Amino acid sequence: MTIPPVSDSAIRVRYAETDTMGVVYYANYLVWFEVGRTEWLRDRGWTYREMETNGVKLPVIGAQCEYLRPATYDEALVIRTTGIIHSAVRVEFRYEVVKEDGTIAARGSTMHAAVNDRGRPCRLPPQVREVFQ
Amino acid sequence: MTIPPVSDSAIRVRYAETDTMGVVYYANYLVWFEVGRTEWLRDRGWTYREMETNGVKLPVIGAQCEYLRPATYDEALVIRTTGIIHSAVRVEFRYEVVKEDGTIAARGSTMHAAVNDRGRPCRLPPQVREVFQ
Amino acid sequence: MTIPPVSDSAIRVRYAETDTMGVVYYANYLVWFEVGRTEWLRDRGWTYREMETNGVKLPVIGAQCEYLRPATYDEALVIRTTGIIHSAVRVEFRYEVVKEDGTIAARGSTMHAAVNDRGRPCRLPPQVREVFQ
Amino acid sequence: MTIPPVSDSAIRVRYAETDTMGVVYYANYLVWFEVGRTEWLRDRGWTYREMETNGVKLPVIGAQCEYLRPATYDEALVIRTTGIIHSAVRVEFRYEVVKEDGTIAARGSTMHAAVNDRGRPCRLPPQVREVFQ
């Protein structure tokens, strides 16, 4: 059995990402998820940019996030990401946002559909499958 | 049987909200959801601001969104929002982002827990229940 | 002498736009400036979108802003915008962000260079000059 | 003569930071400037967070940016920052956003006024002066 590979992306909370409550605004976790999956793909030898110039896109068709503990300005966080093949036409990424003390700030996932260069849904091409296995 | 009240918030897609794919970046729908629930609360006679000065907060503990059709720069959209009591300690908001032709760009929801002025979870106070019923 | 026309864009401060200090994060004024100039152009009969499909772009080459009074969550603001021809190749927009009591929250400007569809600097085409006069 | 110290902050362009033109949206440079000055202060032994708990704030009262070359998704950039004392009550930060080939994407500055814990303008306290010298 293969264990899906995990990538860790270190980020630091920016002032712009906080809100009046003094904590990270909830939409920003989705921005960090993108940072996480970009790095996961890069670690596996491929970048979004290359994928897009090759005519394959993986637009988000669904996202969800649970907020467990607030994060505050200047905090060092790790986005822990893994990617899996969900079906013949979809891949899924899962994320944990980990605080310095090891507790989880948030946990979420995004679902992505393969789309060809004319913007039509398509089966995951072999070069995408390879990255995710 | 009462039908939960709905509020419509008109927005126009800002350039800042689009990305390299030429469509609205997925995290921004959560920002719009906040615009929707702020307006829903205002329509029901209460504002976040008042609620917060009264010592009651409703931080987001979960969010999810399905992306159905892309939205592009300068497009006029409506955020259709409704709020319901989910349990003794939680309220839920549901959202649809409607395009000018009546089709749905995205659909989502957020879950909120009542928190008192010391940041501790608490039962929904009567003045919050009243707004949601 | 002609007075340059002014457009007023009403906005309401979003929670996402505030920061830990409890006020609007400074970069967001530039986002609002874009809302202002989009509306100014629309009021003058032309949209960014059309301009871009016509092969003329007006990318920002400089921006500046003075912050005079903080703005807070849920505040209703007006972005007061005017546009002028700065030279044969540049236009300038000027902005004031006005609070409900009539005081100014911020004041700024952006400089834009005309660029053709191959991304090269060019003289302001007649249809752009017309809009700005 | 002392040379003002410089700090370099490495960032990578996020998808959320790009726009329909396929380049970084102009307001995001101000977000990066904040990343730069946070790191500059940290390198000099002090953090915003500590400064704020000590009752001294340095809110932005002015910002400006010149955009020289576009930056695109996934590009690795360096924010080169320096801070100087501007007057008895103000400090200034200057920034260059440097591309991998050494060319400058943008250049800007922010002006900050010292404010005490009651939100009133004040002279730069000794512990701030020390950091900037």
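So that you can tell them apart, the chains are marked A, B, C and D in the order they are listed, and the count of residues begins at 1 in each.
By our rule, contacts are C-beta pairs under 8 Å (C-beta built on N, C-alpha and C of every residue); 3 or more make two chains touch, one makes a residue touch a chain.
These numbers were taken from a predicted model, which means no experiment stands behind them.
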item	value
Option reproducing the contacts of C-D, where over half of them reappear, out of A-B, A-D or A-C	A-B
Between A-B and B-C, the pair joined by more C-beta contacts	A-B
Cα-centroid distance, subunit B relative to subunit D, in whole angstrom	33
Interchain centroid distance [CA atoms averaged], subunit B/subunit C, Å	28
Interchain centroid distance [CA atoms averaged], subunit A/subunit B, Å	23
Junction residues of subunit B, two or more chains touched	15-16, 27, 31, 34, 73
Touch list for subunit B against partner subunit A, complex	21, 26-28, 30-31, 34, 57, 59-67, 70
Subunit A contact footprint on subunit C (complex, rising order)	15-16, 18-20, 22, 25, 27, 72-73
List of subunit A residues in touch with subunit D within their complex	12, 14-16, 31, 34-35, 38, 47-49, 73-74
